[in-house]
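Here come two complexes built around subunit A, the first alongside subunit B, the second alongside subunit C.
Right after this comes the complex of A and B.
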């Protein structure tokens, strides 16, 4: 098994994918924060609003491309199955939480703490699922 | 494969039926969870419980997809389904970010909270059909 709990045991493809994944995630966070800050600062035109709404989607597309590229290039069938399984775990958790919080925040009496950050939730749950499955398969 | 229903394997037909069933159940539970608080005054605990209800079939849908992928023996079909899931995921996340920025602050005109799972399934199915057509 080429993938491991320890980063030193990653293959070059896995390491490169992790780096690209992390960079895209960091970019997504920066762009999301920038967009929100610009909104708070003042009035924005409709065109700028649409542009700003599209801006944080670029790293999200990047993340999905990185994952797709990794799955296309990974030669180990077992690892690929494990990553797909983790993606499904991430999907399930994200959509379940999104449905629950989305429904809850529709009611005015519920305090809206933070906006739902689906991509963050997805990435974190996929990461946790990968680690759990690796730990179980050791 | 999926282009015509009579060409589906028993596993594919069963997975499709289960997915459709859970999608209908999600809609029904979502309707109940949103309609009840509009007509009755509910305690916060009950409100939380009601909002958990539609999330259960949503999780079940992903579980069904996982079961299908684990049992599908054809490597090529598994790859096509996985790729379609990634397309669905990408479109859903992009739509979610654009809509949440546009409707920042919980606007009354914001999209329905159930929107994400619908976008995901519609785009995944579209991606699946496009890929099957391209590979025919």
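Right after this comes the complex of A and C.
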């Protein structure tokens, strides 16, 4: 079983997980931005509003499922511990950034220039944390 | 937790990759255990003991 910073050394399970993770991440970005654009018009019915607001949660549930599936099937306990630590780093960074931006955007003169997506921030943070941990334990 | 893994491995002339392949774990796992950054679970500790034909206590020593 080889683990390294290079994708070609990933196990089939890890490669599949990365593919599913990436697909859900892209879907999250597309659905969140599409929904946001639709809501800008303001011409949506209440039923459509509730339905559309639910759509971006699908990839979020997908990502949690993908990670859960991976952790359940990964036989290397050290790598499993490393991934769990990275997930905690991802959660911490997401909460910290979200709290900071939430406070910042509460000010009336500061506009939401960039639509920050929590799930994207979480996934990127986890990815960076995994890379750093693998580099530290190379 | 102190361990004799590096010594036992060196006695047999195995690389970390060789040991990892026999344990069916990553080389990083072996490295982390050897350097004391990660304590293995009981099943993995028993696997190591079986592989080196010794007891867990001979491989792992409590620092306390």
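By our rule, the second predicted complex is superposed on the first by the 132 of 138 C-alpha atoms of A that agree within 3 Å, B and C clash if a C-alpha of one lies under 4 Å from a C-alpha of the other, contacts with A are read in each partner's own complex, and residues count from 1 in each chain.
Throughout what follows, contacts are C-beta pairs under 8 Å (C-beta built on N, C-alpha and C of every residue); 3 or more make two chains touch, one makes a residue touch a chain.
For clarity, every value in this text was computed on a predicted model and none was experimentally measured.
Overlaying on subunit A: subunit B and subunit C, fit or clash?
Fit - subunit B and subunit C, as placed by superposing on subunit A, sit side by side.
A:138 in the overlay: touching subunit B, subunit C, both, or neither? Say first, second, both or neither.
second
Quick one: classify A:92 as touching subunit B (first), subunit C (second), both or neither.
In the superposition, A:92 touches subunit B alone.
Looking at the overlay, does A:75 come into contact with subunit B only (first), subunit C only (second), both, or neither?
In the superposition, A:75 contacts subunit C only.
Count the residues of subunit A touched by subunit B and by subunit C, then name the partner with the higher count.
Higher number of touched subunit A residues: B.
So, does A:22 touch the first partner subunit B, the second partner subunit C, both, or neither?
A:22 sits against neither subunit B nor subunit C.
Would you please give the vertex angle at the Cα centre of subunit A, with arms pointing to the Cα centres of subunit B and subunit C, as a multiple of 10°?
About 80 degrees between subunit B and subunit C, seen from subunit A.
Between subunit B and subunit C, once the two complexes are placed on the common chain, what is the minimum CA to CA distance in Å?
Between subunit B and subunit C, the minimum C-alpha distance equals 7 Å.
Which parts of subunit A are in contact with subunit B and also with subunit C?
Residues 81, which sit in both footprints.
Given the complex with subunit A, which residues does subunit C contribute to the contact?
Residues 20-21, 24-29, 31-33, 37-38, 40-41, 44.
In the complex formed with subunit A, which residues of subunit B make contact?
Per the touch definition, subunit B meets subunit A at residues 26, 30, 33-34, 37, 44, 47-48, 50-52, 54-56, 58-59, 61-63, 65-66, 69-70, 82-83, 85-86, 89-90, 92-94, 96-98, 100-102, 104, 106, 113-114, 116-117, 120.
For subunit A, which residues are in contact with subunit C within the complex?
Contacts found on subunit A: 1-3, 75-79, 81, 134, 137-138.
Show which residues of subunit A lie in contact with subunit B when the two form their complex.
On the subunit A side, the touching residues are 32, 35-36, 39, 49-50, 52-54, 56-57, 60-61, 63-65, 67-68, 71, 81, 84-85, 87-89, 91-93, 95-107, 109-110, 112, 115-116, 118-119, 122.
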